[in-house]
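Labels run A, B, C and D following the written order; every chain starts at residue 1.
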Amino acid sequence: MTVRVQAEDFDMGAEMAALVAGRHDVGGLVSFLGTVRDLAGEMPVTAMTLEHYPGMTEKMLARIEAEALARWPIAASLIIHRHGRLLPGDNIVLVAVASAHRQAAFEACQFLVDWLKTKAPFWKREETPGGDHWVEAREADDEAADRWAACAP
Amino acid sequence: MTVRVQAEDFDMGAEMAALVAGRHDVGGLVSFLGTVRDLAGEMPVTAMTLEHYPGMTEKMLARIEAEALARWPIAASLIIHRHGRLLPGDNIVLVAVASAHRQAAFEACQFLVDWLKTKAPFWKREETPGGDHWVEAREADDEAADRWAACAP
Amino acid sequence: MPAMRLLYFAWLRSRIGVAEEEVTPPPEVRDVATLLAWMRGRGPAYAAALADERAVKVAVNQEFARAGDPVAPGDEVALFPPVTGG
Amino acid sequence: MPAMRLLYFAWLRSRIGVAEEEVTPPPEVRDVATLLAWMRGRGPAYAAALADERAVKVAVNQEFARAGDPVAPGDEVALFPPVTGG
């Protein structure tokens, strides 16, 4: 049960190994790695800066992780979210959920990712050949997170 | 688009990095790592042997991967499945799906894992303190795979 | 009476021109709605940045808050656009 | 006429006692059902291993097959219990 918000990169393989090290009750480990795309719609993106609300971010991430733990039988979980300036291909976020039950691991991981993408206090600024701009919130993302409110596991 | 059936272990971090190396159009990478549990129900398991049908396994894995590619917008995918004798905590299977769309990546990954667990020609023999036995097929797993037949993405 | 700490993020920070400030609103500022109304009167940059209510989200002491939620001296109040995730 | 190659997996292999063999069934063996009936007559180990039809799955030339699907000389026919995944 770990939450980290950091500017530094992370090593997915090492994080996964550490998460399940010495645990033999884990049948499935589902993970999501989000990386910086070089396109936003049709627009090329040359870099992205993620701003966040220090303090509130960690608090909300810990709370949503606790909610996932209450809803699904989770053996271990991890959320790492980067902030600062990132280039295309860079890691942004890693969410991993280990469970004895693969369905629970998939659902809890997707729940956490949908939440992170829509509710966590992060703001994205994109650099493009045409200039910099703050990214607008997307309705499709809100819908992805909201479906969990109506759907008990 | 890679399928490997092998006795050797694999390095999840290296495999993930290779899958998306040099690709900047991938926004999300969903993966499932299956490992050997030390319990089956209430019974302690000291080792497990996975037998498979060489030739048919690779053929069926390549076919189901092609089906996932046809159903979801997938940028890259990977299936590695081990066979032979494995100990608790050992890696069994890695399924990874990269997509510009995280929902597609989650769905395709879960589709492949459900399929692997229920339709791929693998048979599991467990070693327990009370002796060895072949594992019986589970109905719950069949249901998990069958729901994909009725549900277009 | 302790001051109220205001934090601004993303384009709200750029438009207002500072990342944070301490303010002492008058006693009639008791909730998020009256705070925003008072802030719009602090100058054209505030009026412009806070004009579109739907585009301004508020957190009081690091919890999302709505128009009717109370604010008080000593609170940390953050103003920001809708979040755009990771 | 080429022989038919039979493969056995998991507990079907243990019970029958070999992993694979070549056979030349009589001409009335034309599909999976008639092949299984003929095999049950090959001895008590076969009769016992193949007694429960629901527990025996068949693949012909590496494709899952049902009772009515054809088998022919030269085919690779695999018999195995329901798969138990990874």
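What we mean here is this: a contact is a pair of C-beta atoms (placed from the backbone, for glycine too) under 8 Å apart; a residue touches a chain by one contact, two chains touch by 3 or more.
Every value quoted in this text rests on a predicted model; they were computed, and no experiment measured them.
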item: Set of chains whose contacts include both chain C and chain B; value: A
item: Where chain B and chain D are represented by their mean Cα positions, the distance between them in whole Å; value: 27
item: Length of the line joining the C-alpha centres of chain A and chain B, rounded to whole Å; value: 23
item: Between chain D and chain A, distance of the C-alpha-averaged centres to the nearest whole Å; value: 49
item: Where chain A touches two or more other chains at once, by residue number; value: 34, 117
item: Per-residue overlap in chain D, given as positions that touch at least 2 other chains; value: none
item: Each pair of chains that touches, named by its two labels; value: A-B, A-C, B-D
item: Contact set on chain C toward chain A in their complex; value: 7, 9-11, 59, 62, 78, 80-86
item: Footprint of chain C on chain A - complex, ascending; value: 34, 50-51, 53, 55-56, 59-60, 81-82, 92-93, 116-125, 134-138, 141
item: Touch list for chain A against partner chain B, complex; value: 11-14, 16-17, 20, 22-39, 88-89, 100, 102-103, 105-106, 109-110, 113, 117, 144
